[in-house]
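This structure is in C-alpha cells; I'll ask about it shortly.
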Amino acid sequence: QNGSTPTAQEGEGSGALTPVSVGVIPIVDVAPIYLGVEQGFFEEEGLDVTLELAQGGAAIVPAVMSGQYQFGFSNTTSLILASEQGLGITILTAGAISTGEVGADFGGVVAMPDSGIATAADLAGKTVAVNTLKNIGDTTVRAVVDQAGADPDSVTFVEMGFPDMPAAVAGGQVDAAWIVEPHLTRAIQAGAQVVSWNFAESDPDLLVGVYFTSQQRVADDPEMVAAFTAAMRKSLDYGQSNPDAIRAVLDTYTEIDPAVKEAMSLPHWAPDAEAGAIQRLADLGARYGMFDSPPDTSKLLP
Amino acid sequence: MTRAWRPILLATGLPAVLLGLWWALTAESTSFFNPPLARILAQFRQTWFTQPFGESLFVHDVLPSVARLLAGYLVALAIGVGLGVAIGSSRALRAYCEPVLEFFRAIPPPVMVPILMLFLGIGTPMRVFVIATGCLWPILLNTIEGVRGIDPVLRDTARAYRLGRRSMVRHLVVRGASPQIVTGARQALSIGIILMVISEMFTARDGLGFTVVSFQRSFAIPEMWSGVIILGLIGVLLSLVFRAVTEAVLAWYLGYRSAQRGGA
Amino acid sequence: MTSRVRRRLPGWAWGLAGVATLLAVLEAVPRAGVVDRRFLPTSSDILGTLVHRLGSGEFWTALGQTLTTWGAGLGIALTAGVALGVVIGMAPFLRAATASTIEFLRPVPSVALIPVAVLLFGTGRASTLLLVVYASFWQVLVQVLSGVQDVDPVASDTARSYRFSLWARVRTVIWPTTLPYAMTGLRLAASVALILTVTGELLIGTPGLGLLISRAQSSGAVASMYALVVVTGLLGVALNLLARAVEARALFWHPSIRGEAP
Amino acid sequence: MTSPATTPEHGARLDVRGLRKVYTGRGEPVEAIAELTFEVKAGELVCVVGPSGAGKTTLLRCMAGLMPATSGAITLGGAPISGPPPGMAVVLQEYGRSLFPWMSVAQNVDLPLREKGVRRAERRTKVSEALAAVGLGDVHDAYPWQLSGGMQQRVAIARAAAYEPQVLLMDEPFAAVDAQTRFELEDLVRSLWRRLGVTVVFVTHDIDEAIYLGERVLVLSARPTVVLEDVSVGLGAERDQLTTRADPEFARLRTHVYELVQAAKRGARTLADAHLTHPVRIGGEAR
Amino acid sequence: MTSPATTPEHGARLDVRGLRKVYTGRGEPVEAIAELTFEVKAGELVCVVGPSGAGKTTLLRCMAGLMPATSGAITLGGAPISGPPPGMAVVLQEYGRSLFPWMSVAQNVDLPLREKGVRRAERRTKVSEALAAVGLGDVHDAYPWQLSGGMQQRVAIARAAAYEPQVLLMDEPFAAVDAQTRFELEDLVRSLWRRLGVTVVFVTHDIDEAIYLGERVLVLSARPTVVLEDVSVGLGAERDQLTTRADPEFARLRTHVYELVQAAKRGARTLADAHLTHPVRIGGEAR
C-alpha cells in the first residue's frame, strides 16, 4: 500500500497488461486515480498502472518528458508555463476542478479572526502566503482582490508550503494564506476563518490540476494514451459520484487525520479538460503579471 | 615572466577545458533540461544584469542572499569554534553533547524550516539561522577533533607554565587546532551557499536561491543554469577571499610544513 | 577532574543524560504554550507515534530503502573522495590545477540538480544516489586534502630517505596521517548523505523514509512527520556511535585517542 | 633584573615519598617507577642520572604535576602536588615539540611572563636578557621551526630562565648543544640557581655535568626504578669549568657515579648489587 | 646475517663541492652554509662537529637528498644526488618525529626492510638482532609513544642498522642516551662500519665521541658555514673504549678539536682566526 499497486503476475485471460507509471502527488486531488486503479478501470483498458509519488512538478515533469513516467498529474498553471518555455506537453483529462461553491471549495484564503481581515478587499497591503509564486495561487488571489475593488498589486506574496501555513497563520508570521485541503480544514480547526474562496470566486470551473503526457508519447503510442485517457475519465466520474469511496481510498496513500478527513471539502472531478477553462487560466495569468503576453494554450490539447 | 603566469594558468586551465567540453557536448543538445551552454551564457547577462543596474536581479536577489550567507557563516564560525573548543577540551561535555548534536546534525534542513518558522518567523533571522546551523557542523566537528589532537607536549608545556584558561584557549587551543578549524571553515563555506539556496526554497520572496528555484519551477531552464553558474562563481570568489585570510592566519603552519621541504 | 564521581561516570551515561535533557525541553516547550501543540507536538506525542510506526512493515521497508541508498551513496563518495583526495593532495600540480574547479563545483546545491538527475536517471534510486554522492563527495575530498597536507615532514622525510615506493608512502605515512581527517570527513559525509537521501526521497519521490515524511507532511500529520524526522536523527546518532567505535580502533595511536595515560 | 617575587621565600622543599608509577595504557601495564623516596631541600640543586628508560622523565613529570602518580605522595613546600604548582618552570625532554610553532622565539619566551603578570617593559628586558644568555640574541623574530635543534633547546631554556621560577625542573636540557655552549649553559644554570635561590632538579646523561652542577647526584636503577644511591657532591659552592673539573674529588665522584650507572644498566637495584670496584663512601658523610 | 647486497661494492664515495645553502622561507633569507667542499671516501667514517646552529643538519639533509642545495654539487659514487639515493639510511636529529606512531617498534624497524624487498623470515631475524643490539629486545610490540626519549632514539638507530645501508648518515644519534649505552652504541656503529664497509657521516656534539669514532673529524665554523679544519684521527683501526680513550694522541686531538669548536663559536672562519694555544699539525700529515 505504499502508493503502488501490485503488478498482475498472471494476465487473467486478457493477455499481458502494458505496464504504465504515473507520477502523482500525495494530495487529495489525485484520489480518483487511486480509486480507479482499485476499481480495475485501468486493467480493463489493458494497463498495469504503478503510481509513483513525488512531491511536485520539479520531478514529475522531467520524468514524464524523459519517458520514465508515461503520464503525470500536475497543476495546470505549471504546465502552461512549461509549454510557454517550449516543452511539448499534452493535457489529457482534467484532474481537479473548483467546486464553484463559495463556502464549500477545496481551496481558500484564510486569516485569523483578530487579523482585521474579513473579506478579499482587506487583503490589500497584507502579506499572503502561497505555495508557489507566479502560479495559480497568487493569480487567483489577485483576481479576487481586484474584483473586490482593492489594489491587487498592494498584496505581498510569500512562498510557503501548504503544510506549514496553518501554523504560520495562527502564529502571525503571515497575515493570510491561500491554502488547500486538507490543510484548509486544519487551519479552520486551529481557529482561522476563510476570507475568500479564491478558486470559486475567480472562476467557478477553475481547472486546478490535470493529467498530462508528452506530445512525443501521443505521437509514438496513441493506443496507450487513449487507453489511459479512457480509464482516467471513468475514474474521475466514479470519484465524483462516490465521495465516501474517495475518503476511504485516501487512507491508502495519505495520513490525513480522520476528523480532518470528514470535515474537508473535496474538489470537483469531471473528465473534460475544456479548452476554455485552460485559456481562462492563461488569461488570468497574463492579466496578473505571470506572462508577458497572453499564451496560446491550444498546443496543450491533443 | 612565466612564473607569474603559472598560478593563473593553473587556476584557469581546467575550468577552460571543462567549459569547452560542456560547450561541445551540449552544442547540438535539443534536450529541454540540458540546453546548449551557448544559450545559457547568452541568458546570463540578460537574466542578472538588466538595466538599470539598481533594479537588476543581481542587486535585488544576489546581494541580499550573499549578505545573509555571510551573516550565517560568521555566526556559525563563532559558535562552532567556541563550542568546539569547549567540547574538545572536556571529555564529559563531549559525551553529554555528542548524541544530541549528532541527532540534529542528521535532520534535513527542509524539515527543520517549518519548526524554525514558528520561533523565528519567516524573515531574515530564520534564514540566517538555517545557514548558520548548516555551516556549524563542519566547523564544530573539525574544531573538536583539532582540539583533541593538539600535541600533548605543547599541552603539558602550557599547563606547566600555568597558562590561565583564557590564554590556554587563545594561545594553545585555538592556534593548535587552527589547521583543522580552517578545514572546517572551508567546508562550511560551500555548505553555507547550499543552505542559502535551501533557506530560500521555503517561505521566501527574494534571494538567489529563490530565483533559481522559481526558474526551475517555471521551466526557465537556461535561466536556472545561469543561476547555478552564479552560485559556483560566488563559491570561487569567496574561496579566494578565504584563501587570502587563511594564508595570513596559518602562515606559521604553511611555513612549518614547507620548512623541511627545502626551506623555500 | 573536580571529583572522582565525575570521572567514573562512563561516556554513555553522559550521552543518555544529554538525550534526556533534550527530551525534557521538547516536552516542556509545547506544554508551556510557547508554541501550539498542534504544530509542534511534545516529545511524548512524537515518541508515541513513533512506537506505533515501528509496528508497521511499511516503515521497515522504507527504512531499509533509505539505508540502502544512503550506504551506496556514502560508499561511492567515500571511495572516490579518499582516492582522489590522496592523489590530488600528493601532487602540488594537480592541487593547483583543480583548486578553482573544486571551489566552483562544491557550492552547487544538489537540489538544483534534481531536474537533471531525474532526466538522466529517472525517479528511481539512481537519481537520489546522484544527489547523495555529489553532496557528500566534497566533504570527504576537502577533509582528505587537508589531511594529506598535514603529514609530518619529518615522517615523510624518513619515508623518502628509505626510498619507500609511492604506494608504501601512501599506505604507511600519508594514509595514517590523513585518517583522522578522513574520519571527520566520513562523519560529515555520513550525515550529509543521510540528509540528501531523505531530501531526495522527499523531493524526487524515491521510495524510503523521505517519501513517508513527505506524505505525512502533505497530510498535515504533524506528529507522524516528526516521528519520522526523529528516526533520521536517531540514525545519525547510531552512525556516529559506529564512526566513534571505528575511530577508537583505527586511531588508537593518535594523541586524541591515546590521551593521557592514567 | 629584579624578580617579581610572587612568594617572599625563594625555593621550596620538594618531598617525594613512596612514589610509584605504573603506565596502564595500551598493552601490558608498565611499572616505570617501583618506589622512590627522597627529598630536595629548598634551594638545593639535585642532579638525576640513570640508564635510558629508567623513569627519570616519568619522575620529573610527576613532580611537575603533569601526571598523577599511581601511589605515593609528592609535596612541594608541604603542599601535595595535584597539578602544576605556581612558580615552577619545566624544560621538557621533547624540546622541539614544547615550543609553540605559531609564535616567534621572543613570543615563546614572553608568554609565560605575561601569564605571570609581568609588565610589558620589564618583560621586554627579561626576554632579551634570557635569549642573549643562551646565545640567541639575534633570532627574536624567527619561528622555532626555523631554528636548529640546539637552538630550539636553548629557546626552551631561555623561557624557563626568564620565568625566574622558585622550582626549576630540567630534563636533559643540554642534550642537543655543542660542548662549548654546554659549558656556558651549565654556568648559566648555576648562576641562576645561586642568584635566585631556586630549587633545581636536573636530569642528565652526562655524568661530568651532573657532578659539576649538582650538590647531590641521585642515581636511579633501571626500570622498575628505585634510588640506587644518593651521592653527595663535596665540591663546594664556587665551581669553575677549569678548576672544578680538574679536582681529584671530581674524578673520584665521576668514576663512582659512572660505575653506578653501569651497574644500574646491568640491573643492580641496591648498592650491594653494584659490586663497585672502589671503596664506597656513604653519600652525605663525605662532606 | 647476510646482506642482500643490492650493489656489489659496499660503501660509496661522497663528494661535496662548493655546497651553499640559503633558506629563503618566511622572513629574511638565512645563509646556513656558505661554502663547503670536502669528500668522504668509500667506506670511510667521518665525524662532523661544529657549534650549535652551524649547519650540520642542513649539510646532512642535503647529502641525503632530502633538500636541494642552493648551489654546488653533491655526488655519491660519481652520480649527482637529486633525491634520496638507494642504499642509504639516515638517522634524523628529530628522532621522536621520525618514528611512525601508528606502528609498533618492530614494525618501524621492519618497514624499510620490507620496502627493500627482504624476505619475511630474514626480516624477522634482522629486526630482532637490531633491536637487541640497541638494548631494546623486550619492547618489540610497544609503540614509540610508549617509550622514553632514549629508547625512541635507539629504535631509529636500530632501523638504520637493520637496513644495512651502503651509506649511513647520522645526526646526533646518541644525544638522548646514558653514558654507558652511548659507549655500547658507539661500538655498535664501529662494528657495523667495519663489517659492512659502509660510508658513514656522523654528526655529534660530543668531541670525545667524534674522535673515538671517526677516521677524520670535520670541524665546521659557525653560520654561514665553511670547513674550519679537516682533522685526521690517527688512532688506528682497532679501537676500544678503555685503551683508545687513554691514548695520549686521543687527549691531544680532543684538546685540539675542542679549541677549534670554541674558536668556531667565537666566530673564527679560518684556521688562522682560531688562535690555537698549541701547535697545529696539518690534518692528514700526522698519519
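As written, the chain order gives the labels A, B, C, D and E, with residue 1 at the start of each chain.
The working rule: a residue touches a chain if its C-beta (ideal position, glycine included) is under 8 Å from a C-beta of that chain, and two chains touch if they have at least 3 such contacts.
What you are looking at is a predicted structure, and each value in this text was computed from that prediction instead of being measured.
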Figure out the least number of contact steps between chain A and chain C, where 1 means they touch directly.
1
What's the minimum number of touch steps needed to get from chain D to chain E?
1
In contact with chain B and with chain E at once: which chains are those? Just list them.
C, D
What are the two chains with the top count of C-beta contact pairs?
B-C
At what distance in angstrom does the C-alpha mean of chain D lie from that of chain C?
49
How big is the gap, in whole Å, between where the Cα atoms of chain A centre and where those of chain E centre?
84
For chain B and chain C, let me know how many angstrom lie between their CA-based centres, rounded off.
17
Taking each residue of chain E in turn, which ones touch at least two of the other chains?
23, 25-26, 61, 66, 94, 97, 143
Expected list for chain A, residues touching two or more other chains, is 56, 58, 62, 65, 161, 163, 167, 171
Do you know which chain C residues sit against two or more other chains?
35, 39, 114-115, 119, 154, 157, 202, 217, 254, 258, 260
Chain-to-chain touches, reported pairwise for every pair that qualifies
A-B, A-C, B-C, B-D, B-E, C-D, C-E, D-E
Given the complex, residues on chain E that touch chain D span 23, 25-27, 30, 49-57, 93-94, 96-97, 135, 141-143, 146-151, 154, 172, 175-182, 205-207, 258, 261-262, 265
Which of the residues in chain C end up touching chain A in this complex?
35-36, 38-39, 58, 61-62, 114-115, 118-119, 122-123, 202-205, 207, 211, 214-221, 224
Which residues, counting only chain B, touch chain E once they are in their complex?
251, 255, 258-264
In the complex, go through chain E and note every residue touching chain B.
21, 23-26, 61, 66-68
Could you list, by residue number, the parts of chain B that touch chain D in their complex?
151, 153-154, 156-157, 159-164, 167, 171-172, 175-176, 178, 252-253, 255-256, 259-260
